[in-house]
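So that you can tell them apart, the chains are marked A, B and C in the order they are listed, and the count of residues begins at 1 in each.
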Amino acid sequence: MSDRNPIAKIIECLIFVSETPLTIGEICNFLKDIEKKEITEAVGELERHWEEMGRSFTLSSVAGGYQFRTRPEYSQYIVEFNKEIKKFRLSKASLEVLAIVAYEQPITKTEVEKIRGVDCSSSVSVLLEKKFIEIAGRKEVPGRPFLYKTTSLFLETFGLKNIKDLPTVKEIEKIKEDFREQ
Amino acid sequence: MEDPQSEYSVQLEIFSGPLDLLLHLIKKHEVDIYDIPIARITKQYLEYLNFLKDVNLEIAGDYMSMAAELGYIKSRMLLPKIKEEGEEEEQDPREELVKRLLEYEKYRNAAAELAEMEILGKDVFPIGYDPREMFGEPIEETEFVKFDLWSLVDTFSEIYKSRKRSQTKEISLPSQTYTVEERKKQLVKTMRRKREVLFEDLFEEDKHRSKLVVTFLSVLELLKEGILEVFQPSFKEPIRIILREQNER
Amino acid sequence: MSDRNPIAKIIECLIFVSETPLTIGEICNFLKDIEKKEITEAVGELERHWEEMGRSFTLSSVAGGYQFRTRPEYSQYIVEFNKEIKKFRLSKASLEVLAIVAYEQPITKTEVEKIRGVDCSSSVSVLLEKKFIEIAGRKEVPGRPFLYKTTSLFLETFGLKNIKDLPTVKEIEKIKEDFREQ
């Protein structure tokens, strides 16, 4: 039983937190002292155990690795849920990207990334998909990258009259002033 | 500012402020917070400030105002108690300070309790965890929740004073003086090799007082930058310095 | 048992796919035909069930919602595995400021400084930047200083159900009494 196997539990939590499907190779690299055979067995145990538990999500083997995924019979709820709730929800990263685009538009992805210090590709595609931002042309620099701007759906969703209605920049500047005065 | 050593000055900001220092003194000398021997505590408080000044730590204005407040309370304590008309009872001049200390201590404890919670991204993780998605670029801040940083000053002051006695002849060797920047690099190198050392052992090779100070300031800066960590298993045990794993910049 | 409760299973898969802690309100909005009482019961069942299962992750109640999170005893493996994880760190000063804001909100910077006896500008900026505190308006006193309050990210990060869930501290009133008795 995986319950009595501490290795299986460790592997389980690594699969859980991993952003991408975790491969046996990756697990072996991490648990260097444990033989591959033992790891493969532990993963097999986990798979069986999760199957038996019959939760709404289970351990699936995908793309050469392992990942927790919802069972197909729940897909209808998830599709609906995504439509209902996720429509209005943005991750913190996406919100930050949206704020940067809103204040600095038109702006390229590279410029956004320079401000945030991290890759923003996935947030930019999410925002494009949700139609909160759109392409505003190309910047006339080498590579002619796309420029992005916010959409009217963005103003609508966030209850803004117009783009000048954005509230926090002044507030933020005021804070900075307050600190400088000290 | 014209002090030749002023380049070694580090901000005192990693310490938690004058109230924290007073609580440290109260705990260290095991005095009753409700009956603070104000003259004694004031003297010790000023000794601390003088020592910190000696080793080139900038003393912030907040510490000086506390010194002034203590002086004022001390003088009020010396005044003969005259009961004014209409006044119900003589007010203890220390009362206001004790209230502030207790209130501050309450939040200091609350902060320590918060640090003990199951913190997301430290103790517990959600599915598909991406640390940068959560907090943006991590802000490196120092972490001294469980450690009373004033104990570090106490230990250093003991080393400094004992060395002062035994090293009466201090020879100035300008070619061998080193800067905080250089000493920091050396310390990191030593720590990479040893991983963990006793705080006092870091001063073994410092023959001169000026070098002791440079080492001390370097340790403070490395702590502030989060490259080193302090650890003391319990109040009476020696302080250990540890190299943090992920700071191999 | 949640195993026999189809509603619980649906809620479970919604919590699983949700990016942020899912609130009872959000679940009710989604499952419109089901009464709130029934939903609350189903969530309670799920919580108990996950606790009993003793997996490496469990259902946690945080920031007014529910989220699957790893158990604290596995943190060392996760941190070790994901080298990119920078350990969460706040200085003692910033934690103290955060604690004061949490217990006394809304509160101005000057009021926080009065309690700590020392300038708190840099901690306040760090906490604003980390989005653990935010502006809650202005205090109607001369200078109209900003008031600060904690955010839901603060609750989420520290694993608190709501602001009343903060660890109890010695009551200041009690202390005052003690003082008078002396």
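In this text, contacts are C-beta pairs under 8 Å (C-beta built on N, C-alpha and C of every residue); 3 or more make two chains touch, one makes a residue touch a chain.
Given the structure is predicted, the values throughout are model-derived calculations rather than measurements.
Ranked by how close its mean Cα position lies to the mean of all protein Cα atoms, the top chain is C.
Distance from chain C peaks, on a Cα-centroid basis, for B. If each chain is reduced to the centroid of its CA atoms, chain A and chain C end up 21 Å from each other.
A separation of 30 Å divides the Cα centre of chain B from that of chain C.
Centre-to-centre, using mean CA coordinates, chain A is 40 Å away from chain B. Residue positions 125-127, 129, 132, 136 of chain B each touch two or more of the other chains.
The multi-chain contact residues of chain A, meaning those touching 2 or more other chains, are 13, 16-17, 68, 91-92. Across the interface of their complex, chain A is touched by residues 125-130, 132-134, 136-137 of chain B. Looking at the complex, you find that chain C touches chain A at residues 3, 9-10, 12-14, 16-20, 26, 29-30, 53-57, 68, 70-71, 74, 77-78, 80-82, 109, 119, 121, 124-125, 128, 131, 135, 145-146, 153.
Across the complex, chain B is touched by residues 13, 16-19, 68, 91-93, 96, 116-118 of chain A.
Residue ranges of chain B in contact with chain C, taken from their complex: 13-14, 16-19, 34-35, 60, 62, 66, 95, 98-100, 102-104, 106-115, 117-127, 129, 131-132, 135-136, 138-145, 149, 226, 246.
Of all residues in chain C, only 16, 57, 60, 62, 67-72, 75, 78, 82-96, 98-100, 102-103, 115-119, 122, 126, 129-130, 156-160, 166-167, 169-170, 172, 175-176, 178-179, 182 touch chain B in the complex they form.
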